[in-house]
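Notes follow the structure.
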Amino acid sequence: MKKLIAMLLAVLMIVGLAACGNGGGSSDKPVYAIICKDASNPYMSRMVQGFKEACDAIGVTALEKSPETTSAEDQIAIINDLVAQGVKGIAIAANDAAALEATIKAATDKGIAVVTLDSDTAGSQMFVNQAGVKEVAQVLVDSVMDMTGGEGEFAVLSASSTATNQNAWIEAMKAIIKDDAKYANLKWVETVYGDDESQKSTDEMQNLMTKYPNLEVVCCPTTVGVLAAAQVVANNPDCGIKIAGLGLPSEMKDYVGDDKACPYMYLWNPIDVGNCGAYMIKAILDGKVGDVGTSFTADNNTTYEITAGDPAEKQIIVGPPFKFTGENINEWAGVY
Amino acid sequence: MIQTKSKSLGKFSGLLRSRESSLLLVMILLVLVIQWRSGGAFLTKTVITQLTQNYAYTMVLSFGMLLVLLIGGIDISIGATLALSGMSTSLLMADGIITNPLLAFLFSIVVGSICGSVIGVTISKGKVIPIIATLGLQYIFRGLTYLVSGTKWVPSDKMLAGYKSFAQGSFLGLNNLFWIVIIMFVAMFVFLKWTNFGRQIYEVGSNPEAAKISGIRIDRVKIAVYTINGAIAGLAGAMYTSMYATAQGNMANGAEMDVIAACVIGGVSLDGGQGSAFGVLLGATTIAIISKSLSLVGIDAFWQQALKGGIIAVAVLINVIVQRNAARRALEGREI
Amino acid sequence: MATKSGRTISSVRERSAKSLFLRWEFLLVLIFLGVNVMNISLSSNYLDAYNLFTNINGFLTKALVALPMAYILLLGDIDLSVGGNICLSATVLGIVFNSTGNIWFGIMAAITVGTLCGALNGLILTKYTELAPMIVTLATNIVFRGLSERILGDGSTGGMQKIKWFTELYYGRVGNMVPYLFIFFCVLALVFGLVMHKTVFGRHMFAIGENKKAAAYAGIKVQKVRMFVYTLAGLICGITAVIYCSWMGSVKSNACEGYELEAISMCVLGGISTAGGKGTFVGSFIAIFIVGLLRYGLNLINLSGQTIRIILGILLIVVVLYPTIQDAIKNRKKKAVK
Amino acid sequence: MSNTVLELRGITKIFPGVKALDNVRFDLREGEIHALMGENGAGKSTFIKVIMGVHQAEEGEMFLNGEKVNFKSTRDAQKAGIAAIYQHVTAYPHLTVAENIFIGHLKKRFGVVQWGEMYKEADRLLGELNADFDSHALMGNLSVAQQQMVEIAKALSLNARIIIMDEPTAALTKRESEELYRIALKLRDEGVAIIFISHRFEDMYALASRVTVFRDSQYIGTYNVDEITNADLIKAMVGREINDLFPKPEVELGEEILRVENLCRTGYFKDVSFSVRKGEILGLTGLVGARRTEVVQTIFGVEKLKSGKIFWEGKEVKVRNPAEAMKMGIGLLPENRQIEGLILDWGIGRNITLTELKSYVRGLFIDEKKENDVSKELAERVDTKAVTVFDKASSLSGGNQQKVVVAKALGSDFKLLILDEPTKGVDVGAKAAIYEIMGELALDGYAIIMISSEMPEILGMSDRIIVMCEGRVTGELSREEATQEKILELAMAKHTSEEGGE
């Protein structure tokens, strides 16, 4: 008999444990959900912050979901859960450019508005592009151009080899350098992958410095990579290497400035991106979004011009990349 | 009767001695090949210091794993223990509760040893198979790391200056972290060779039944070994966070695989009773050299993973072939 | 040979009701019901069959590899290379499909590569029996994933979703409700269960897991069985790769990470003891759905992925500790009696 | 009369299903070698384990130099000055000889192990025993005899006042045994009390002053060695006349079924040749380390052969694995039943049917009903004491476990049965039953090879006896010409056999 009681206890334990979860899913206000790329990325947490602020303004409940691993499979599982919960809109930073299409289509068929932000995927009704792929690539190439003084060796330290955003920017940078003779004597020595992990990014950065003694600039189109690279340069000041790329001001506060490792860097306000994502969902649900080429005014009374995107058909640009220099870095460090 | 050839080799006896000297030979050969292939870029002061600094924490972890393997156990949760102890220490530093670096190191070690003792009790008193106990606890510790940090990072500017500078500092030309490795190696060598408890670990691993009859309390030895292993993982957590000056949720993900490989290459047998501190030091250094030099030698990023797996497999096969020959030679030695 | 003292031995296995209750599977059924009760009470739309099946389909790819993993654990071995194997097989499918333009070649290639990878594990482990399966399959896992990373570089191979019938493998449903994959999984699980419990091969696996030496002396070709089981695991990885491509449409080198540990947890939860030889298939079958639906339920109440991992970790440890707790209760009872 | 050093009274030890020791008495005087004799399974080894604290007796008391003691582990016994040398040496293969000697009492100063001192001391002890290896050797590389010498050195290092030797000469050659006698007598003269366990009379006559006999886990009596005759001692040990114990039926021998010619396996045995005929019981005997088990393992296909020929029913055959051997009709009952012969956690029914599972398949699946019925019939045929076919093999006594293994063999139609130490660790009652079954099998036309190191059993049951020593066949004796002395002489005659060494 004692064993039976033990068994019932085990079951109750599980039920009790789970019941203490934070609240049921069926509150009356409509729910907008946001899905990040993975669970531990400060850029993503700022984007979620923006998304939540916008949701409060619109008067809907915001719901943040992050997958266990940075993979498309986990994101698909989350989308299915959200559809089952009957959320009204989903904003997703896709881990794969194609894999989510069928699942998103199943959601949109059910009238759920699905937008992508930060990194795009097929099937999305609208890509909230923080800054055009070409614009980002252009600013990165120009920074390298400026920091090398027009010619010299430079390398790229990217996130993981499967990161859709970074790969798109790298392709665009290659195209820009090939088309314009101005960049002819820039020598792109190598592209290495830090997998968005401090240790691997540091190792790859150190290897670059050893393999290419007269390397002048390392361009890091990822917030994790740029911080690791800046730290390596700061730790051996006489290496004479400059860091360019995209970084969070709060992270890079000690490393950005004229005499510092990273003269200047670019990024955009992830909070704006999150914010804009929420309003896009509202706009789609209200049927305001027309075809490519037209424009509309969202509830945050800013007008957006719809341009053709790839792989999502429609995309809007939140704004040009923002430049952080020694002067304005401290001011923005508090914001994000 | 067989006459053992120990007399000619001086104090140390046969087989164990020869495996470590052959491993040293392989390592030296490896360094020479890398030096030649990388055009002399490997054996420079900067690369060696980087190598000793970046891989100090895996070397330290390998000594902890040596103890666990010696008693015939296994621990695949050391990556998660490292992350939990490193993250909790960094969080307390960010909130200003821990103000001096030494206290931070001690706190991290304490958290690690708590995790280790939980594993020890589950395996010894709970009679759970080591691979399954550490698999389950790996999920729990990794989940706690994210839970404790609320999936956010601890940025570098929130870390104590003294804590970060410790990792960069050096003493008598050697990096501080590498000093920890040296001290750990000496301590482990003395502990395993000259202390009573050290010998008991070999006894429990070599012949558990005989050890039990002769009055050694097996459960106590197991709990002690796993607790020490946890404490070492805690120390490695502090070393990792001070070295990379940030604390991420996914740090040291998969570190346990490299550490097990280092021990196996270092001649430690997975069934217990066989292995030495010197062998593990060589094994860990070999793994560090391989990981560090792959990109230096111009093997492109995409071959690295495949090559690393191949090298582990080859090292394991060589170990078995050496053992088989020794057994066959012993058989042929018997006069019939 | 006359029977000596006429002592008779009964050969009828009587099933006492009590013994049925105390079996491991009953506890799992209890937990399974508990999970469902919890899910229903937590969110009303859990019972929506369509969404339920969509979610079940989500974890069936992991569940497929749990089937051969049960056999491997039964033998007292382990296979940490299933994740890498599926990733490599899926990569090969994508590459072959894109180069030949014919999906059938892709499918054949994926299944062959998967089976060969499994056979490679088997070959090494049966030729060098002293090698620990954990370290060998750990190394081959890194090699398989490394090869797929080498082939794909920073890109990915895809476009499989353009073939309509191919995507139906995963998304297709009978009567727009029960997915083909679910039916395929249940049939495969039934076959695996019957082979394990009712056939000579299954009994041999139990014997090997329980005592390798006694099995060898009883004329069982131990190494042949191990070789077959590892190759079978490879075959199932190949098939899972095909289904993965039909589901995802494209493959990256970080696909299927962690599948091996998930599969092992499902089997251990199902009562397959890692010391080999014990455990039943029904237990693992139920455990697969316990893990899958528990995750689904906890997701429904929006627990973060990490908290779910903690709960699964705790569940795994509690379940494995259960026999020891049982013995402790029994001993205390015995001590009290004496 | 020197005073009593160790005394045990009313010792009873119960294992599941069997009473290993039943109200046993024993006393040991200072400076005395006291022999403890009895058949296999009489409880000698269990008694020693009770003294050493490995087992705790349910009833009875132990007195050391007059005061009551109770040891929880061998470490307590060692601290009290009692050392034991077991038959199956419990060594640490990965560690050096020196460490094996000083296990549990490492020489330490301020907590630091003094290796130099230990190696020196170990070499001194080994020198005293004039061992031909030194303290740096790895224990795993040594032979059984060498490991035994290390155990003796260990006892000396504890300067124990009481030393227990469990069957020490079983693995030693004549020269090594005499060496051991010299050491034992030297220790005795230094006042050390020794309990010497053996079932070989010449050990007892050479060393002991008193002898105690155990039979069926009971105390029979203690006698002065010079007052008791050989026959009375055997009668006390065996409890019955030899001849009526072995019901060996007269069987008319059939034609030759198996012949092996100069089988060799590196490191184990060389030029082993013999043959066996239908209905014949061939005894294969020798000391521990004679490699008899390895020979039959090779015939049965568990291990590979280096060279030599095997003829089955006249034709030369290659036996690559046990399955092939069994298909031909060769069955093997392995030496240690509990590891190689049975799956302890399984029911006896499933154990019995394991080898011939294919014959119980109906359609695709195993017909469990048929399987249970056949296993019931086979188990009853060998009169196994069990309630149901589902009783776990581990719950049975040694004798019954052996009957299950025999029942398993009867399930297949073998022509040759190899029994490796069939009655080891089996109580006397079950022994008689096993001999009976062997007799009946011979009558049924089975050829039987019986490996045994018990002289009465070999003499009583075999038609022909092959004697081996250290991997070589040293002689063949017919049933009529065989005596215990001749067998022993051949068993220790390394390389002195007629056809000259290698």
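Letters A, B, C and D name the chains as they come in the text, with residue numbers starting at 1 for each one.
By our rule, contacts are C-beta pairs under 8 Å (C-beta built on N, C-alpha and C of every residue); 3 or more make two chains touch, one makes a residue touch a chain.
Computed from a predicted structure; not experimentally measured.
Participant: Within the chain touch network, how many edges lie on the shortest path between chain A and chain D?
Facilitator: 2
Participant: By that same contact rule, can you tell me which chains touch chain B and chain C alike?
Facilitator: A, D
Participant: If you tally contacting C-beta pairs, which comes out ahead, B-D or A-B? Let me know.
Facilitator: B-D
Participant: Could you work out which chain's C-alpha centre is the most distant one from the centre of chain C?
Facilitator: D
Participant: State, to the nearest whole Å, the distance from the C-alpha centre of chain A to the C-alpha centre of chain C.
Facilitator: Using C-alpha averages as centres, the distance is 35 Å.
Participant: How far is the middle of chain C from the middle of chain D, if each middle is the mean of its Cα atoms, in Å?
Facilitator: 44
Participant: Would you please write down the residue numbers of chain A that are in contact with two or more other chains?
Facilitator: Residue numbers touching two or more other chains: 39, 66, 161, 193.
Participant: Touching two or more other chains, which residues of chain B qualify?
Facilitator: If we look for residues of chain B contacting two or more partner chains, we find 146, 151, 249, 302.
Participant: Looking at the whole structure, which two-chain pairs count as touching?
Facilitator: Between chains, contact exists in these pairs: A-B, A-C, B-C, B-D, C-D.
Participant: Help me check something: in the complex, which residues belonging to chain A touch chain B?
Facilitator: 38-40, 42, 45, 66, 161, 192-193, 197-199, 202-204, 206-207, 209-211, 227-228, 231, 235-236, 250-251, 253-254
Participant: For the complex, give me every residue of chain B touching chain D.
Facilitator: Interface residues on chain B, with respect to chain D: 1-4, 6-7, 11-16, 193-196, 198-199, 202-203, 205-207, 209-210, 213-215, 273-274, 328, 330-334, 336.
Participant: Using the touch definition from the top, list the residues of chain B that touch chain A in their complex.
Facilitator: Result: residues 38, 41, 44, 46-47, 50, 54, 146, 149, 151-153, 155-157, 168, 240, 244-246, 248-253, 291-292, 295-296, 301-302 of chain B touch chain A.
Participant: Considering only the defined contacts, which chain D positions touch chain B in the complex?
Facilitator: Touching chain B from chain D are residues 53-54, 72-76, 90-96, 99, 103-104, 106, 108, 111-113, 115, 119, 132-134, 136-138, 141, 143, 146, 266-270, 470-472, 502.
Participant: With touch defined as at the start, can you tell me which chain A residues reach chain C in the complex?
Facilitator: Listed in rising order, the residues of chain A that touch chain C are 2-4, 6-8, 10-15, 17-19, 21-26, 39, 63, 65-74, 76-78, 80-81, 83-86, 96-99, 101-102, 106, 160-162, 167, 191, 193.
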